[in-house]
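Below you'll find a set of structures to go through.
In the two assemblies presented below, chain A is common to both, partnered first by chain B and then by chain C.
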Partner chain A sequence: MIRRRKLAIWLLVLGALHAIVICAGFFAPYDPVEQDRKNPYMPPMRLHLLDTQKHLHLRPFVYVFQLRPGSFDQYVEDPTQPRPLHFFVAGAPYRLSGFLPARLHLFGAGNDRIYLLGTDAFGRDQLSRLLFGGQVSLLAGLLGAGFTLLIGWCIGAVAGYFGGWRDDVLMRLAELFLALPWLYLLFAIRAFLPLSVNPLHAFFLIVAVIAAVGWARPARLVRGIVLSAKERDFVRAARGFGASNFYLLRRHILPETFSVLLTQAAILIPHYVLAEMTLSFLGLGVPEPVPSWGNLLSNLQQYSVLVSYWWMYLPALAMVPFFLGYLGLASALQERADPYKIERRSLGSLA
Partner chain B sequence: MMRYLLRRLAHALLLILGVSVLAFLFAALAPGNYFDEMRLNPQIAPETLTALRVQYELDRPLPLRYASWVNSVLHGQMGFSFAYNSPVAPLLLVRAKNTLLLTVTATLLAWAIALPLGVWSAERLGLLPDRVISWGTATLLVIPDLALALGLLVLAVRTHRFPTGGMVSLDSQSLSAAGKIRDLAAHMALPVAALVLSSLPLLVRHVRAAVAEVLQAPFLLAAEGHGIPRLTLLFRYALLAAANPLLSLFGFSIGALLSGSLLIEVVMSWPGLGPFLLEAILARDIYVVIGGVLFSTIFLAAGNFLADMFLYWLDPRIRAESAPR
Partner chain C sequence: MRNCPATVARCRILFRLFLSFSALISSPAFARAQQNNSREELLVLPGEIGRPGGRLVVSLRGEPKTLNPLIAADARSREVIAVMQADLIHINRATQLTEPALAKSWNISPDGLTYTLVLRKGLKFSDGQPMDADDVLFSFRVYLDENTHAPQRDLLIVGGKPVAVRKIDAQTVVFQLAKPYGVGERLFDGLAILPRHLFEKPFQEGKLGQIGSLNAAANQWAGLGPFRLKEYVAGQRLVLERNPYYWKSDAKNNRLPYLDELVFLFVPNADAQVLKFQSGETDMISQLGAENFSVLSRQQNGYTVADAGPGLEYNFLFFNLNDLGEKASADLQRKQKWFREVKFRQAVSAAADREAIVRLVYQGRGTPLWGLVTPGNKRWNDANLPHPSRSLDRARALLKEAGFSWTTAPNGESTLQDSDGKPVEFSILTSSTNADRSKMAALLQDDLKQLGMRVQVVPMEFRSLLDRVTQSKEYDACIMGVASYDADPNSDINVWLSSGGTHLWNPSQPHPSTPWEAEIDRLIEDQMSARTFDQRKKLYDRAQEILAEYQPMIFLASPDILAGAKNSVGNFHPAVLEPYVLWNVEQLYLKSGRENAAL
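Let's turn to the complex of A and B:
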């Protein structure tokens, strides 16, 4: 009972986190590529409830930032110009999760602009870029994990079920892929693909690269399950009644692999999101101006940004709740798939 | 002994061979090459390009190219870097040394911290120290490598405690020998800290699990009954009995640290394989990329080989298994 509740809680947490990113257009006040050239590197605006006379306002407000005289990137709050936050306002048009056209935003400040996470070099709103960047990074992670599992599943099933030379060849190949440090592998595969491509192609390129790197582990796990499943009595009986290979795999053997695939998915997705971040951070992934969690951070490679504009670091922390959610989900799934091993698992295995 | 050693060595060599073939296949499938950019330059005649392609043997079929590359590896060259106009091996060696310095230090430090923490945690299973350590490792586990490295960098910049890039200070030439070492250590502090912190949680958890399993064994109860001191019991007997899974983890941790180091070198501008490889990828300098991958495989194979040897020396069960009958 507790186990089931744990799973439900983690699924709920992850669902909420993903819903925020999917509805990025609604939660983000602006378009992620819209520039505000007059306000580069503006620090995050603080939300206030108390004004300068210590009066409490129920509606949170921010103070307009003014450039400090004689400087180009130092801002000071102007206490004479409070700007109240308005909720559910019409603003820049966007497409909800890429499809539904809409104009409604969670908050806005009328005609003035409000930057809760600051702005970057072009005065683009970091909060909006963070939310929309999440769409790119998470989708890359999800698709990459999906393809990896598909490849690993097929290879593992073929190797385990048919055995013989197919098993030998495929598993030796898997060992090669497992042996290499994964980032070197990622680099090597990326190195041999075209460099300058448009964002959409780059995105699918990354998904393909990430998917090609990690298939070996799921393949080995699936192979192990298939190996033991095909020797079960009821499978042999079905074979004796003349069931075809395809029927046996589909009806009796592959369903046993699903729970492992699910657990692997929960483990792989955050790693793959991180892989996308790493590639984009290094400039090998999704290019500007399309935001992704990786290329948002690549600004930090400039020393001046690192020294002066600490809020550019905030996107790095966006991944933490997602990691936490997936980690919890993976351990809940593991417990569910293997209740008898809880004793050992509580001693602490991978997750 | 010899047989076991030879078998592990053959395994390592096969791994290296397999990786090199795989890397070459990928490279062959790749569209474009180093000279493609020049095609757009009107000042370079197509004949020149053809001549260059012939000179660098890009026009020959793949098996021949692979054979001549293997030949150059055996002669200590590892192919030719187009961008540097020089054999790859010496270029890589300089960087690989720096990477190795970083990874070896981080590996040793991470294990030196993980072993006592894991053993302590296993000994107090479910008690306060165990819970604190579990929470600590869980926290570290959910912080991505990239965020950790950048976070350390931001902290260093804001506190001005540590140098934030490179390997030596500008004035390092004028320092004394001790000063040079101190300077190097200061530069290593941040990247090593990032590597150690990112690999620590997994190690601690595995040490804890392995030792906790061993601690339930009857022979340890008997040893305790004999009055052997707790510390001796834990580190001399329990840890030794748990060595097998931990030493395979050691090989794995080297791989993880090499990967981590690749990224952290770029973030912290450490002059190792990471930035060099990135530059080579951007320039399509394929032999450098293949060489870098090969180097990492060699490190990894060497690490695994060392772990195997260590296990052979440590664990009588392995010796008995591989003894000639």
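Let's turn to the complex of A and C:
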């Protein structure tokens, strides 16, 4: 029972986190590519409930930042100008989870602007970019992991079940892929592609590359399980009764791999999100101005940004709850997958 | 508060300017021989008297390839060579005017064809060997020799004929030109006088290109500059020591340079240079980016940063106007139809938010540009060049006149399309290592989106970018920057002339492909042979106006020259011309007795 509850909690946490990112348009107050050229590198505005006279306000508000005279990126809070937060306001049009056109935002400030996580070099809202950037990074992670597991599952099953020269060829191929310096491979692939890649193509390119490079490890795992499963007594018995290869794989062997695949998925997704971030950080990912977590962090390659604007680090923090969530899920899944299941079932078939 | 040091530095520069001017007016102060030593005629420099001794450490963008001025092509080698060699007549980096160097005086004949230069007496190379007119003759023979392939050779071909050099006596040399040359005596700036006693043998053996490696022993190398080679540690540093035979002194008869040693540390990355400067490992820093400048000025700790004002670097966008014929892909041919439309380029220029570039890219430490000559170039800047402010309405009107139209997608996004109904989409190349230009591209991308153009920014490693632009010519548009090395238009001649290799939008044309390029060619060539400054300026202004009208280059902005030095460094007066902080290296000195930076 405890195990099951643990799994449910992690699923709930991850579900909530993903819901926020999927509905980025609603939670983000602005269009992530909209530039506010008057306010570059504005620090995050602090939410207040108490004003300077210690009066309590029920509606949270922020104080407007003013550029310090003669400076470019030094702002001071102006306590004479409170700017109240309004909830459920109409604002910049967006498409909810990429489909539903909508204008409703969780909060806003009328015609004024509120930057709860500050702005970047072009005065773009960091919060909005963070949320929309999550869509790109997480989707790349999910799709990449999905493709990897699909490829790895098929290859592993074929190699393990049929054995022989197929096993040899496929496993040597897998070893080759494990040994590839994939980062340089990516640079090479990118150099061969046409100059300008539109963001959608760039995105699918990343997903394809990540998936193509990572299939070897799950394939070897699946192969191991298939190898041991196909020698079980109940499988032999079924074969003795004349079951076809396809029936055996579908009914008896592949189901044994599901728990491993699930655990692998929970481990691979955060890894692939990280891979997307690495690629985008190096400028190989989705191009500007489309945000992704790696893109957002690539600003930190500049020393001046590194030491001057701490809020540019926030995208690195954003992935922490996701990682914890997925790793928690992976361990819960592992606990749930009963390691003695196969033994018990084979004992049962003997009895 | 933050601006204070910069203002002070500017005042100092003005003061220096004033000093130099007054020195030039009372020209004897410069040219007069110093009589305490009858054999030597030292050049007396005005300015603050310094303290001899000490070591100054600066960082260099990378390892210099050679010390040989005949083969040096990279900026790092040239920076080092500049402090090891000397020229006959030198351009003062602060005043941007010429002043005597190895030649104590000169005379140009009324027809502008004969230059008579009188050398200083008692000049010696850094190895103690005397220097006279024969060395000058030898140097120019080497520069003009076709087998040497010296980059300087092109500069010395005037009117299709090489400059003829003749010796009158040991101190007097005559240069004979085939055609009047508007650049005048500026021609001699940067042409190092080579040591005949060391170079003659390799020259006769045809091995000149092989000498000058950094590994050579210090006694195999000599120059007339303030410093000479002491030690080279591969991958780490180059140590130069004071040239005891240098031919300049301060107003109190102290022989220059003040410093005992000048050390170049090889630091390839701009951010790493800032860190080294901040931690005190280097004493000076130049070519600072605006963002790093503001980091340094925010936490000033024993050092001063200075804004020397607008420099000569101009950043611009240009479209691929090459005539590629069959080689061009159908896609590029379609796009080139827009790019060749003058109104299209004018519309892009009208939509560019130059003020935002100055504010967001240069943090206000820059100037918006509408032409190739920056405000930093005081003599040649065309005050009458129009500076139209940003106007999307004007841009839209221009596009409409050129046959473009707009369609509106259901989500409210409007897209610009050409007369064939194709959407206007193109990519802009930028150098991936230059954060400033990448930012400009991102701003332009947003500006042009408001006109309905879909622009992709493609960051690319600089060498492959250059290859695409000048060799394969497969690109749509590109953002680049060029820093003129001199204020005189001569330094940009290859950008102006349609036959020039850096005529970037369509380089190395056999014949000018458009009437306006032919007109610019004519103006620039005329101005090169015009006699007076006023005539040259008039012709040059006209060329700038044509460029501004046809917009083959859409000029964006020019950054200020930003530099920094420890407070202990005296005579720190950054200039807007290269070398920004080392131009007066012989006058730099350390105020306190201690060694500044340890190695």
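Please note the rule applied: the second predicted complex is superposed on the first by the 316 of 351 C-alpha atoms of A that agree within 3 Å, B and C clash if a C-alpha of one lies under 4 Å from a C-alpha of the other, contacts with A are read in each partner's own complex, and residues count from 1 in each chain.
Here, contacts are C-beta pairs under 8 Å (C-beta built on N, C-alpha and C of every residue); 3 or more make two chains touch, one makes a residue touch a chain.
This is a predicted model, so every value here is computed, not measured.
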item: First (chain B), second (chain C), both or neither touched by A:Phe107; value: neither
item: Chain B versus chain C as contact partner of A:Phe122, first or second or both or neither; value: second
item: If touched residues of chain A are counted for chain B and for chain C, the larger one; value: B
item: Contacts of A:Phe162 with chain B and chain C, given as first, second, both or neither; value: neither
item: Touching partner for A:Val307 - first (chain B), second (chain C), both, neither; value: both
item: Which of chain B and chain C A:Pro287 touches, first, second, both or neither; value: second
item: Set intersection of chain A contacts, chain C complex versus chain B complex; value: 195, 283, 303, 307
item: Chain A-facing residues of chain B, complex; value: 15, 18-19, 22-23, 26-27, 29-32, 122, 125, 134, 138, 141-147, 150-151, 153-154, 157-158, 164-165, 202, 205, 208-209, 212-213, 255-256, 258-260, 262-263, 266-267, 277-278, 280-282, 284, 286, 289-290, 292-293, 296-297, 300-301
item: Residues of chain A touching chain B in the complex; value: 172, 175-176, 179-185, 187-195, 274, 277-278, 281-284, 294, 297, 300-301, 303, 306-307, 310, 313, 316-317, 319-320, 323-324, 327, 344, 347-351
item: Residues of chain A that touch chain C when the two form their complex; value: 33, 35, 37, 40, 70-73, 93, 101, 121-123, 195-198, 283, 287-289, 302-305, 307-308
item: Touching residues on chain C, where the partner in the complex is chain A; value: 2-3, 271, 274-275, 289, 291-292, 294-295, 298, 353, 356, 359-360, 363-364, 411-412, 426-427, 429, 432, 435, 439, 442-443, 445-446, 456-459, 474-476
